[in-house]
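Input: structures, listed below.
In what follows, chain A forms one complex with chain B and a second complex with chain C.
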Partner chain A sequence: MMTASDPELTAALTAVLPAAQVLTTAEDLAVFAFDGTAILHQLPACVVMPETVEQVAAVLRVASERHVPVVTRGSGTGLSGGSVPCEGCIVLCLVRLNHILEVDTANLTMTVEPGVVTQMIAERAADVGLFYPPDPGSIRISTIGGNVANNSGGLRGLKYGVTRDYVMALQVAMADGQILTTGTKCVKDVAGFSLRDLFIGSEGTLGVITRITLKLIPQPAAKATLLGLFDEMTAAAETISAIIAAKIIPCTLEFLDRTTAECVEGYAHIGLPTDVAAVTLMEVDGHPAEVEEQAARIEQIARDHGARDVRRAATAAEATQLASARRTAFSALARRAPTVILEDVTVPRSRLAEMVAAIQRIAADHDVTIGTFGHMGDGNLHPTFLTDERNATEMARVEAAMKEIFQVTIDLEGTITGEHGVGLAKKPFLPAAVGPVAMEVMRRLKKDFDPAGILNPGKIFD
Partner chain B sequence: MATPAVVPATVAEVAASVRHAAAHGTSLALRAGGTKDRLGRTTTAAVSMDLSDLRGIVTYEPEELILIARPATPLAEVQALLADNNQHLAFEPPFWGAAATLGGTIGIGASGPRRFVAGAARDFVLGMEFVDGRGRVIRAGGRVVKNVTGYDLWRALVGAYGTLGVMTEVCVKLWPRPESQQTLAMDARSRQEALQLMFAWSRRPEAITGLSYTSANGTLWARVEGSVAAIRTQTESLLKDAGRGEIMDETASQQLWEQIRECGGLQMLPGEILYRIVLPPSRVDDAVAALDKLGLDRYCLDWGGGLLWAVLPATMPAAAVHNIATDNRGVAARVGSDAEDTNEAAFTPLSEPVARLNQTLRNALDPQGLFSPGRLKI
Partner chain C sequence: MHSTTVAPSPADNLLMGLDYSVVQQCMHCGMCLPTCPTYVETLQERSSPRGRIAMMRAVADGKLDVTKAFADEMYYCLGCLACQTACPAGVNYAELIETARAEVERRNVLGSPQRNLLRSLLLQRLFTSRRRLHLLGRILRLYQRSGLERAVRALGLMRLAPKRLRELEPLAPRMSSRFTHEAFASDYMATNPVRPAYRVGLLVGCVADISFAHVNTDTIEVLQANGCEVVLPQAQECCGSLHGHNGDVNTARRLARINLDAFDVNGLDAILVNGGGCGSHIKHYDHLLAGDADYEARASTWSRKALDIHEWLEQIRVRPPRGSLATADGPLRVTYHESCHLKHGQGVSSAPRKLLAMIPGIELVELTEADWCCGSAGVYNITQPEMSAKLLQRKMGHIASTGAAVIAMGNPGCTVQIEHGLRQCGLAARVEHPVSLLAAAYRAEA
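And now, the complex of A and B:
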């Protein structure tokens, strides 16, 4: 059987792991050659599937001794190529470290292994009347380890923050296999510097996260869901600003542009008009009396700002249906083209309308199709290119349009990745975003944490 | 305290001063309002870098929910401006003195009673501009909630006690100020009864934003914030649950929590030392019992049991308190008694591998250890 593997490396790994947990055949390796990012792929030398922290440490020791790169991954839903293998690497796949170790209802925490699917965490919390708010779009598939390594966001960022805000403590295996714990169960306090904050969002380049203690909060008592339909993008953006100016912090403030709304209607058939410029999904949660009052005000504000229609869900089933307009956006767009490139930019909320207009202009200038949806509450937009990677001339236009979008983002005081990470896809744009001094300090830290440079090399920066 | 002082007024002057200090190997004690001197160990820095002239609000955009200010901007000034716009810093920072500044607050990572529901100071810092130990200006993070561009180096400056770098601008996330508040005050029969109610209430969906217990009068305090209509029904539901107690109106409630915010309302008398101990709420009962054996005089629980302010005899070795914190999976900080107290044992010691990574981080940002040496023991 054909193998991409190095026999000596395989022998060293099977000395510390059962042979069944070391994958080396071409067909096994092929499925680990990519993540959720379009276009990028590379076969690894082998894939290991550890089941314990000790096994993770043992793999890292083998890799350190032999100077073999290690690319850590979970479900592989990343959208910036952060878990795409590099040549000759060991893929360290943590999906079998998938136990919920403890749900502590006295201290409102949950301790989990990195391979637990995030949706399971949300469900276990709900089972005991508690709430784990971060809900990245990939929540049903992605693992919590990947969420922490990328500091994933989601639809609730404005009110509830992002993954970082819920990480109390981490256990991390360092490049040499040493295990350390940073943070405690007690509201995130530590003596010394907050190392935890350094590991969160470091995309597997500083250490391998092997255990996570998460903060849970009480489940809100009530929720209201509204859908706004607008003929002008600026009217939708002004509505969002007016809601926040009225001291209301919705838990969800999402939007779809016209291209996306058309695709969603064709896919989910929820009765969206296909001639609107923007659809907004607006949800508030909290105490029933407050939710009622805020929902009524949001409806009024939207109408005052020229909404064509505002629909309010009367039942939970209706709320789910309205919310599905946003939740299905990516799937609805994805079925329209062979290659879908989901971008991830964030601008200050006051610049949203300008940003959306710029994306539309750039799409027209370069003759490419871009559907835009995203999180209006926190300014995080996902311009989504519908293209075909086999069409080289179109790909060149996509590339040019993407560069222009990043430039506009930086000009509007935004950031080139809100929640997907840098990985490979954003690496060329990072120096311009953070400046040479920050780049130098990051490289230095990487070298100090991982002297042999074996942890996810070539990601974030070279 | 280090003398004499350099007094930079701009980021360029800070950078130039740091470069000069780096060239001469002169260490710098960073300070402005001077309200946090009793927190942490006394620095051994040769020269004081007085940041008082780096003050003023750079940008305030209420609709964006952000404020950017220079570090020596008085906290009181920030709060007054926000209050005019019905906004606030949701982490409810303690002052430790009227001259408190925004930079000092971020520098020690100080959070008040609302922290257990709203998050900590570090959760509200979106980005900053700072000068590293080589005198280079770094702008990091941003002004948006979602930003994952590389390592969040700058977050380590939050709670670093003036080590690692000199903040020159800081961007914080704002929140609408709740319309009103009320507090239920209840005489608890015992600490255990108070803790049981605190645990039960911290799991309820009501907007409970303060849960504290004062040992001196055995009172449990539960604050509810929100719209006038919503808080009334919620405090009444808590009252029904507790079976007794009184509801304090908005003004009385505000005054109470301003006191609790500052060291749990406890004052150190001569011969006493105050400790701040953060631990999992489920361990606080054991920790108090252990401290009782060391002569615990009075204490206050905050954050639904996650924070314990404890007054102990000054003769008690700090190591004993740190051991109790460690045994209960927490960390303690000793508050220095006066200017003579160098507060050597301010912090619970770090484990060896964690200490090493702390040093690695410090070497990356401040390789010569110029900033506030000795303040944090790593």
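And now, the complex of A and C:
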């Protein structure tokens, strides 16, 4: 039967943590063996649930002394296998390190512990009339630590950017347990290298983020939400390009293809027609007069490019409902197939129509089912394979199709991952995407930050 | 770890026997976690839906034993099904948890002489026989109404009782002065409409029958006022949800067959219930009896016709009452608490609110986290008093901030729990079934 716990390690950990925070039973290990990524699965040796920074540092010291790998984890919603355990590791689960430490309305910042759920940050900011824009689809459960470690995007990336754009300062526990701080509440700060920016997107391989100071901005005064329905996928892609070319920067330009729209409708029952080739969710925010004018122009552009219909959310509740439904897209696709493998390719926005067409062709060529949705305004697409991991021949075709998608992406000057990170899932494709010099520099950096190689080993690169 | 098993095989592991598509449907996205009361309270992954399903899958894959720890976790789950509502991937959590508990019971990993005796007394003896329930009901009624209860409480005699009993005593529901059938026979049989538009059967419930008989009679009144002839078969028994949710599938099947025999399934337009827990169970008699050649067809007709009272009233366009429930101080402030098995088990959420909103003199205020479990969860408040108390406290905080005089809800389990909470917090509000408020508004027309 499955068991991976190591009694000596457990003893060393319970010497620095209350026993209730060190989990070693087969039941507890089984539930930490995966994250949101399909297929990947590995039992850890044990799981620790620290409640203070000191406890995090103590765990890291134990791990350093014993050369035990540490896999940091937030809520385990990652989609590249970043928090999937490696053999014999300690899973350092930070969901209990979850306090909002300060909301500074004079400097427009919020300081939080890494286990705070992203939605809580957004709500707390809204309570004081401020706005924390990054809103990954997983916002209701992902942790801010995971967001920073993956530099997560969201539905508002087009206008407001990604997590990185809101991180002002970090406190980080290094591999040997030393505590580092980087960045300040100052809008301008050029004191030394920006180590902060190295930790953002480092996927738990350079240090454990233990405190985050976030930038907040004023709440936009008004918002309009539109839904575009298209009979042709290319018409949707061209609409998006035309909106951007018209110098309108909506906060959201999302799209769902027919397969995805059907699955979302099957769950959310919001009245999405399921006989369209593409649905776009388009949102503008800002000054009421500007919002009004831009919404009208977007509607016109969509109609000019052949939209079958453009609907406008009548109430704020309806707008929220549409955005929430969009957030379920990935999970809803699982209604169709036992295994869903999601990609995260991103291309310059001017190449979107080409990329979308390529995905359709590749799916047909390899006889695989792909549902595509994504943050079209960012050029970030999520072609999602609907398959069954137990069907070996189909899995081989999926692999081949996936490789081809990556190749086309790189040919179109795109990137293999826009927001989910490399983790385990994209590791084989990284060298081709960034080149040998970048790989070498990353390896040297890793060696400096984590000489013993205990922090999330085997992720991003070997 | 303690290895208690022989190598399991599909034949002797119910989770393995489940269709694998049910077991593997969870793609561990975590979207359900923020809706799971036990996860939110503990932040323990194993007490989350995603964690529980992972354990079940590990058992189904033969990678994890059915241990006591596994069993405890399956019973720490409220069975509230909030996760099922939240799950975009369409995971059938209800089936998973019932199968997992059935496997736990089959292996008897939680077995102790005391627990086994209690289970057999409750599940197999008491809640399979309305006759025995009525007998118990009469004894309790005598205790509660003869002054004996007051005497026991006044003299502090409960202090002599074992701790568990002491904790349970305040949760014991008040017995109705007349059980449903008694009331029906004397007052309602004759008032059925002469030329009914519909013929409907009513399931009176087990606990509801003896301690919420007024909700049943209010239901009958409302139905009759809307052109329904109400049929109340004597031979009906408890719906079996208690058994289904607690791993006793065989008894659940037996009770389902009894009810299928008791009701004129083909002749009725609908089979109605006013308790969320019962409704969520009886709608699945078809699934429960799939493969039972003698009952399959009847069960599938039944499942098509089984409806919660709110759904039915909406369907037949219930007549809006003219009588007002406003008091001398102004409108009656009412808030609505969603029974888990109404909301998550059956997807009935807007119908009760619409019904309340149509009653003159009611000011309906939304309850924060209206669909968060109150901790009643069948027998959960008895088996897991600590978590149950936490959830009740959370619920009472939200209730208090509505300032409502009436908390409306459509499930007897929640009613007992929230009445208990109101007493604990010293709140003057009262609990009512939406149908009872509607009946009162009809009566106020006169």
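The criterion applied here is as follows: the second predicted complex is superposed on the first by the 452 of 462 C-alpha atoms of A that agree within 3 Å, B and C clash if a C-alpha of one lies under 4 Å from a C-alpha of the other, contacts with A are read in each partner's own complex, and residues count from 1 in each chain.
Operating definition for what follows: a residue touches a chain if its C-beta (ideal position, glycine included) is under 8 Å from a C-beta of that chain, and two chains touch if they have at least 3 such contacts.
Keep in mind the model is a prediction, meaning the values are calculated, not measured.
In the superposition on chain A, A:Ala106 makes contact with chain B only, while chain C stays out of contact range. Applying the stated contact rule after C-alpha superposition, one finds that A:Val340 touches chain C and leaves chain B untouched. Which of chain B and chain C touches more residues of chain A is settled by the count: it is B. When the two structures are aligned on the shared chain, A:Thr384 is found in touch with neither chain B nor chain C.
In the superposition on chain A, contact of A:Phe32 is made with chain C only, not with chain B.
When the shared chain is aligned, chain C comes close enough to touch A:Tyr267, but chain B does not.
Common to the chain B and chain C interfaces on chain A is no residue. Residue ranges on chain A touching chain C, taken from their complex, read 1-3, 25-28, 30-36, 38, 49, 75-77, 93, 95-96, 98, 117, 119, 138, 140-142, 263-264, 266-268, 328, 330-332, 334-335, 338-340.
By the touch criterion given at the top, residues 104-109, 129-130, 150-151, 153, 157-158, 161-162, 164-165, 174, 178, 180-182, 184-195, 197-198, 200-202, 206, 217-221, 241, 244-245, 247-249, 286-287, 289-290, 293, 346-350, 375, 378-380, 413-422, 426, 430, 433-435, 437-439, 441-442, 444-445, 448-449, 460-461 of chain A touch chain B in their complex. Interface of chain B with chain A (complex): residues 61-66, 86, 115-117, 119-120, 122-123, 132, 136-140, 142-153, 155-156, 158-160, 164, 175-177, 179, 199, 202-207, 226-227, 229-230, 233-234, 278-282, 303, 306-307, 329-331, 333, 347-351, 353-355, 357-358, 360-365, 376, 378. Those residues of chain C whose C-beta lies close enough to touch chain A in the complex are 1, 3, 5, 21, 24-25, 27-31, 33-34, 43, 45-46, 48, 50-51, 54-55, 58, 63-65, 67, 69-70, 73, 87-90.
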